[in-house]
Each structure stands twice: as structure tokens, then as C-alpha cells.
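Following this line, the structures themselves.
First subunit A sits with subunit B, and in the next complex the same chain sits with subunit C.
Take a look at the complex of A and B:
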């Protein structure tokens, strides 16, 4: 069995088996948030883990995806599901247009450019109140899929429906990302991560590949934003904010940006942590900051790879 | 004309603060290749410690001095506890570490101080001064004088003193600096202390104008980072030019175009500059070793 299948099986098993341990609907809600974040983070794995490019502005694409679900049904009369796809197309198109000049930049310069893009999107969402209703947010219409399921006899509560639906989308997203990893494109991306110049000398079109990774990861972020908006039935400009971008990157790097499964665990930890930390209220930020620093100092490759290595070391 | 003058004056004042924050980024970046996103927290600490020390009854100059010294200690601790152990980590990890540090410092500040907005009185009163039909607060002059003093002092430090040259040598080539007997770890400690102190000074100078609270740091860090990148990371002159330019762009956009998009204008300009000059205005052209 290849690593790809292991990852998919583990993810599917988590989605299916976890509900047996859920005492209340609240856990379905946290679970579906983990999957939604996991989807965005899978996009970061492709961009940062495979291709080695940094983005501090991917929440901007999540914002586009989220607001597409709120605005397209009102103004274009689209079904919310189609609106999510429209959002993904728009995000991909913007990423493609903007990516070409931005991806020439490296390291911190790339970081500040993507940061600027994210901030521009969140400012537009917050300030163009005639369209987006500004900082207070806007309602998002119901997807209608849960009602359709009920009509054919599958009766799920709303949190349950969103848990399984987000889980399904995450597994599909992971499947695409894993296929990409093993494809010629994936190998080329990892080669340019290692050394851009070396990759270029063996005939890899570095600019085109980086752009591909950027566009694909933007689509992931956008879909994740759409899912979040649809299940909350409400969205505010915070979804595109700087802290959300940081969250995405931190989740990916914390779990291990090089692997889809690692990044998923990063998403799971950072999504549940605030829920657990609400007990400590005043200490929440202190703990979050500490976790971020300690993980990066002591587990550089991320949580999952470090743990796996420790286990393997013990076997020998 | 008076209107334009007014915008320029307020732009230069804000720009001077951005320049000081950008300078803090530059000093740490030169010593350690780390972009320290906790730089804005130094500004916050400078303002907040001064507020609380003076509320405890200390005279303002002494409170400010304590704030600057205390923040420098925080900077040194940040280096020793979080940056040095992570030496050689990839750029993304370092970004997360310093952002983690900034969240941590903000959390502690919220706990030790409070969540209120604070200020202390301006150093020489609040009577505006008339310049060519525009007005400027006396405190703005303090900010400008402080920025000029810091830049002049640093220029002298880096070019005239042995220690300053050791810092420059380390930023040029760490290994070569070690080989000629420079204690590069000490240079790093010094750089973090210096950068934190400069940030705190900016906080002390600007608090009477803008007020301060535990959460002002992150916005300042983003602006300072943007200013440093605009000028070209690693160049002190770039930090100065980038900071002032950013302040002017913001003030002119707010005045003539739209006050809600003043932050956006700054980032649009940065994108345009980086597309044309990927190394920033004064940045060094770099080539990768394979």
C-alpha cells in the first residue's frame, strides 16, 4: 500500500469513526471546522510544502470564496453551491493574474507582497459596504443539500450534515493533493523547492510551475472560505484578515507542511486549542504564542514528522 | 497649499514612527537574517510601561527611561530564548516564531497591564504651532527630533565605533566575522537590545499623539515591515526613506482620495515598487549559491 492510500484511509477513518466518540452536537461543529481549516491548509501544503513558496495573504482567497457564497445568490441569482464554484474560479483567476509578478519575489519579499494582497482584499470587503454590508458581515443563504438529503430519507442535524460534508470535501481535496505529489508536476515542484536554479537547469519551467501551485492553493483557500460561510450562514471580513492567513500557514507548518496528513494534524490542533483554552480565558493568547514558538524551535519539520521519527528511532 | 502642507506634516510625523520601526527590523535582520514580527510589540511596550510607571508616581522622563531599558531586556530575552535556539530554521518557521512571540507578548501585556486605551501628557504642551498655514503639534516635533537623533546616532555608531563596525562585519559575513575574532552571539544580543530600545523610544514619543493599548503592536509591525521592504531590507537608509515615504503616501491618500483606503494605498505602492525593483529601493542585489 502506497503512502498516498495510507493518508486517505487515515483521513476517511477519522471522518467516519470520530462521531462515535462525540457526546454532543458541539463536537460535530468543532470537527467540521477542523475539516474546513484542513482543506485550506492542504492548499498551503501544495504551495509551501511542495513548492517552497510563502504566502501571508491566503485568507484573501478564503474571503473571496466566502463572499461569493453571500453575494452571488443575491446579485446573480446563482445557487449557493454554484456560487462557491464561481468564487473558486475568481480566486484562481486573481491568483493567476497576480501570481506572475508576485512569484518572481523570494522569501520575505514574497511574504510582504502576499501580505499586501490579503490586506487589500480584506479592506475591500470591510469598506465597500454598499456591496458587502461592511464590517458587520452579511448572511449567506442555505446550501439546501441537507433538505435534499432529508427528502430521500437521510435525516441529519445541521452540525452533523456539515461535519460529514466538510469531511468529504477534505478527503477529496487530500486525494487531489496526493495525486499531485506523485505526478511529474509534483516532482518538479519539489525539485524547485530544493533549488530553483538546479530545477531550471534540468529544464523545469520554474515560473509556470510556481504559478500553478499558487493558483491551486488559492482555489483550496477559496473553497474552504465558501464551506465556512455556508455552514455559518454568515460571514464577516475577518475571514480575509491577516490573522487568518497566519493561522493557515501556522497550521501547515506546525503539523508538518511537507505532508498532507501532517498539515491536517496541525489544523486539528490549532482549531481545537482555542476551544480548550477558553477555560483559561486570560491565558489563551499567552498559551497560543508559546505553542507556536515551542513547536517551531523544537520540532522544525512539524509535529507529525518529528513524532514519526522519534517512534521509528525507538523501533531500531 | 496649506492643505497639502498639513498632509505632508502629518505624513512625515507618522512616517518617522514607521521609519523607527523599520529601522528596528533592519538592525535585527542584518544581525541574524530574521524578520522580527514582534517589533511592533516593542513600540507597544515602550508606551505601556511608560504609562504604568508614571501612573505609579514616577516622573515622566524616568518612566520613559525604565520603559526603554525594560523593553531592551525583553528584546534580549526574545533573542536568547526564541531566536538563538532556532538558528538555521527556514524562513517560514522564523516568521511563525516571531509572530508567536508577538502574540505571547501581547497576551502578557493584556494580563499585566489592562485592555484600556492610555496616554500621557505631551512633553511640551498641546498648543499647535503654525507653519505656512498648516499646524503641527509640538509632540510631532519631538517625534521628528527623536527619529533624526536615532538615525544620526546609529550612523555614527556604525561608522565610527569598533563595536558598530563589528555589527556591520557580522551582517556582511557571519563566518568571516567570527574568524577575525568578533563575538557574533554578542553582536546579536546587542542588535536585539538596540532594536527593542529604538522601538520602545518610538512608543514613548508617539503615545501622546496616538494613544496606546496592548494591541497596537501588530499594525505597527506590518507597517514597519512594509516600510523596510519598500526601502530594501537590510539598509538603514532604506528604512528611513521607506518609512517616510509610507507615511506620506498614507497621509496624501487619506487627504485626497479616501481615508478608509489609506492602508491599502501603501500596499499598492509596495506591490508596484517590488514588481519594478524586486530588492526594494535601496536593497542589495543578491544571487543564490547553488
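Take a look at the complex of A and C:
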């Protein structure tokens, strides 16, 4: 119970206090990117950290969420906000349909099957140009919320608005994920992660629960894709790309997949590190890979859990 | 006494090897039936078939008259069959209390949306399960370890935790696979008392155990397996005098001596 409130307070404090240290408007942009990635990674925490299932295709759902915001307003005349919700529903429905057969697989078989799912979505987005305008991408209409705020006297620049809005969605997403952790469903997910056979003998419908985790995490990825598309006002098929899927999993594992706060730090580090490492110029990618390798070798539970444990060990 | 668990002609083959062949027996409420036999006799395989982990190649399992052959363990759990494992199956990253609460899954589960939003109904269900779990932990003397990580417990304590988790389901039939393995004399005696107590409350108990003293002491009925076949059954004193059983355990010469 206490850990949940600490996590929420820390996240809220980061969202509210960070801008006091921002030297320029550009940092709002980086911050909101961190929150958007953090939201997708929170979904991975539920799927991988709680339930122990891996997906290398979740960017596919981010792609669906992102393109829903571009396409639904054009073809269905929907407001972009409603389009994001539609995207989440479609992502959840696709995850539900595909999850049933795919989640019977384990370990790397599951990884490869979900990998295929992600690639399939990005191929469709890139190739079905009549619908998606192809690899060059497509504009996304304005959400209009910032203008509405301005009308009631809250005057935010665009990067500022998206920073706070993404931060708010992230905190809500973390709240839901933390609720789940301590709930009967979350306990059942963590139980089947620990021992599937023991979970079945206590009456847990393992197939159904894995599917629920898969659908919930798909909705997180979808909403994260929608947020990204709405604030960029433009989207390309890259959002559904293989690298984006890998990024989500890497962020979660690097920070600590079993913990919402840990995964958020993973997202924060991997979002900012490439910008920090630009001082290494052409060796940037190598440094990034090196940092990730060292973290995994020396802190296998992820950065945050490992650091917390080291601190606790010193107290004793 | 009416039969609660009825095993009829159960058999399974693994790649041409008959691991278990044509085994039948019954367990009534309040009765303790033990399955014994040398290593590799097929005891755990038999357990895995009854509890739905393996689908039997032949025969049937009936629970209170209903055919439940090959049903998934989670469906058997809903019908009141629960078990423990020879090689521990503990939820390692969860606390001792959470492991015990997991046993209350069928009582505490509810709508997903309520769980995501932490609605009062979810909190009520979780609280009731936690109370039940604490009472069970006290019963197996793990009350003080409730908040510890399960992986930090000793082997004997984990055995007791598994029994507590299985009891949480309020089973009608309880399958215990070597509950006293790796436990010292004191712990064995505790488990011994616990099993007798549970049986006295009307639960049908099927036991696999290597500790012969314990088996002879607490069983009402013993089924002896060798090479996957039932070679004898009866009351403890009958079985211990049976020449076939002595042969299976000690070899042919001892039986003739």
C-alpha cells in the first residue's frame, strides 16, 4: 500500500518540479517524450514485470493508436481525442483476438510471434498508401485542448501543454498499474509468473489472465502512440517499427520491469541518454550499447531495484 | 462412507514407456490414502494425472461421481481438488502472505475493471482473503514470517506454506506429494498432525510419502505401486506383511529369506 503512494508522489513531484530546472522550452519537449515512453513502458511492466510474458511487437499497438488519431478524423470525422480512444479500443480488440493463440507460446517462441505482429502492423502502415499515405507519414489534427485552456485563462506554450498533459496521463496510467499490482488480478498475474503450474492448481485461469495482461498493455501502448502523434501533429510508420518495440522492452528491463517507478526511470534514461551521449559523436551508439550491457551485467533486476537494494544493504 | 475420489484404470505412456498402467482406487471423505512404491514407480505421474497436469492415456478420474478426467488443474480447483508439489512450486518473488492469499484466488477474484480502479469491492475482497491467509499461516506456524519474501524461507517452512496455500482452497480432496520430504523429525511430526487434523475435518487425502513410519502411522489405506502397476493395497498392517511389497522394496532374495 505504501509503495504505491510513494511511487505516485515521486512521479507527480517529477512532473511538477522538473520545469523549474528547465533552461529552455526544448526541455519540455524532452520531458513529454519521457512521459509518453513511460506510459508505454508501464504497459510492459504489467505484461512482462507482473505476468512474465514478453512482447517484441508492442510498437504495433502504438502505431494503431497513432494512426487512429490521423485517420479517424479524416475518414470518420471524429474528434482527435475520441480517435485516440477508438485507437485504444481497436488495439485492445486486436490484442484480444491475436493474444488467444499467441499467448499459448512461451519464452522466445512468444517473442518471435509478437515480433511478427509488430512487423505486420508497420508493413501495413507503410505499404497501404491509399489509407495511410505510406512511408512519408501523415498529418494529425490538433487536439484543441490547449486552445480551450487558453480560453479559460491558462496560457501555455505548446511544448508546455504537452509536457503537463502527458505527465498527467502518465500519473493516471501509473495509478491504474499500481492498483492492479495489489489487486486479486495482479496477484494472480504475479503468481502465474512465479509458477504457472502452481497458479493453475489454485484455480487461476492462466490463459484468460495472460490475455487480460496482454490487452491492458496493448491499450497502454496505443494511448502512448496517440499522445506522440497528437503532440507531433505528424506520424510516420516508424512509430510501429521494430526498433520502437525493442526500445519499450529495453526501457522496462533496464529500469526494472517489475516496478512501475523503475520502468519509468528506464524510460527517462533511454530517452535522454542519446541526447547526452551526442558528445561522443560517432561513438554515440556504441556508448549506448555499452551502458546497457554494463547495466544488465551488474544490475540484472534493473537499475532502480538494484540501487534500492544496495542502499538498504548499507543501512543494516 | 461414500467415495469422493474414484480412480479407475488410470494409465499413461511416455514414448513407448508405460509409466502408469491400469491403476484403480478410491478415497472417501475423512480418509487418508497413501500411495507408496520404490523410486520411479510412477507415484508422481499418477498424481499429475489425477490433478490434471497430465492428460491420462487410459482410465478415468471421478470427483463426487462427476467425470473430471483430464480437466485442467484450474477447473479441478473449482471443483474442490487441490494439491502440493514434490519439488516446491512457490511464488518466489511474492511474500509469504501473498503466496497464501493466492490460494484464495477463487474467493477473491472479481471484475477486472474494479481491480484496475481499486474500487471498494476489490479492497473488500482482498481484505477478506488476507484475513483468511493470515489465519492459515498461523495454523502452519508461519504467522511471524508473513511479510518475508517467500524465497527467504527454509525448505521445511516452504513445505508448510504450500500446504497452507492448498488448504486455502477449502478442498474436498487434497493431494499431498511428499509433504515431509526434507523436513526434520520435529517438522515431520507437525505435518503429520496437520494432515490428521485436515482429514478429521472431512477432507479426502491422497498422500505420496517416502517416510514409511509416517505413512504407516497416519494412513487408513495404502496403495502400492511398482513399475507403474498397482501390486498391492490394503490397511497398513496388511500391506507391510505382503510378500510382493517386500519384494518390490528389498528385492527377491529378501522376500524369500
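What we mean here is this: the second predicted complex is superposed on the first by the 315 of 316 C-alpha atoms of A that agree within 3 Å, B and C clash if a C-alpha of one lies under 4 Å from a C-alpha of the other, contacts with A are read in each partner's own complex, and residues count from 1 in each chain.
Note that in this section a residue touches a chain if its C-beta (ideal position, glycine included) is under 8 Å from a C-beta of that chain, and two chains touch if they have at least 3 such contacts.
The model shown is predicted, which means the values in this text are computed figures rather than measured ones.
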Combined model on subunit A where subunit B meets subunit C, clash or fit: fit
First (subunit B), second (subunit C), both or neither touched by A:112: first
Partner chain(s) touched by A:179 [first = subunit B, second = subunit C, both, neither]: second
Contacts of A:198 with subunit B and subunit C, given as first, second, both or neither: both
Three-chain overlay, vertex subunit A: subunit B-subunit C angle, C-alpha, nearest 10 degrees: 80
Which of subunit B and subunit C A:9 touches, first, second, both or neither: neither
Subunit B versus subunit C as contact partner of A:187, first or second or both or neither: second
Greater residue coverage of subunit A in the superposed arrangement, subunit B or subunit C: B
Partner chain in contact with A:212 - subunit B first, subunit C second, else both or neither: second
Contacts of A:258 with subunit B and subunit C, given as first, second, both or neither: second
Overlay on shared chain A, then closest C-alpha pair between subunit B and subunit C (Å): 5
Set of subunit A residues, in rising order, touched by both subunit B and subunit C: 195, 197-198
Subunit B residues touching subunit A - in the complex, by the definition given at the top: 35, 82, 85-86, 89-97, 99-108, 110-111, 218, 222, 225-226, 229, 233, 260-261, 263-264, 267-268, 270-271, 274-275, 278-280, 288, 290
Residues of subunit C that touch subunit A when the two form their complex: 51-53, 72-74, 76-78, 82-83, 85, 89-94, 98, 101-103, 105-106, 108-110, 112, 115-118, 122, 125-126, 129, 165-166, 168-169
Of all residues in subunit A, those that touch subunit C in their complex: 176, 179-180, 182-188, 190-191, 193-195, 197-206, 212, 216, 258
Residue ranges of subunit A in contact with subunit B within the complex: 48, 54, 56, 101-102, 104-109, 111-113, 115-117, 119-120, 123-124, 127, 195-198, 242, 246, 249-250, 253-254, 257, 282-293, 296-297, 300
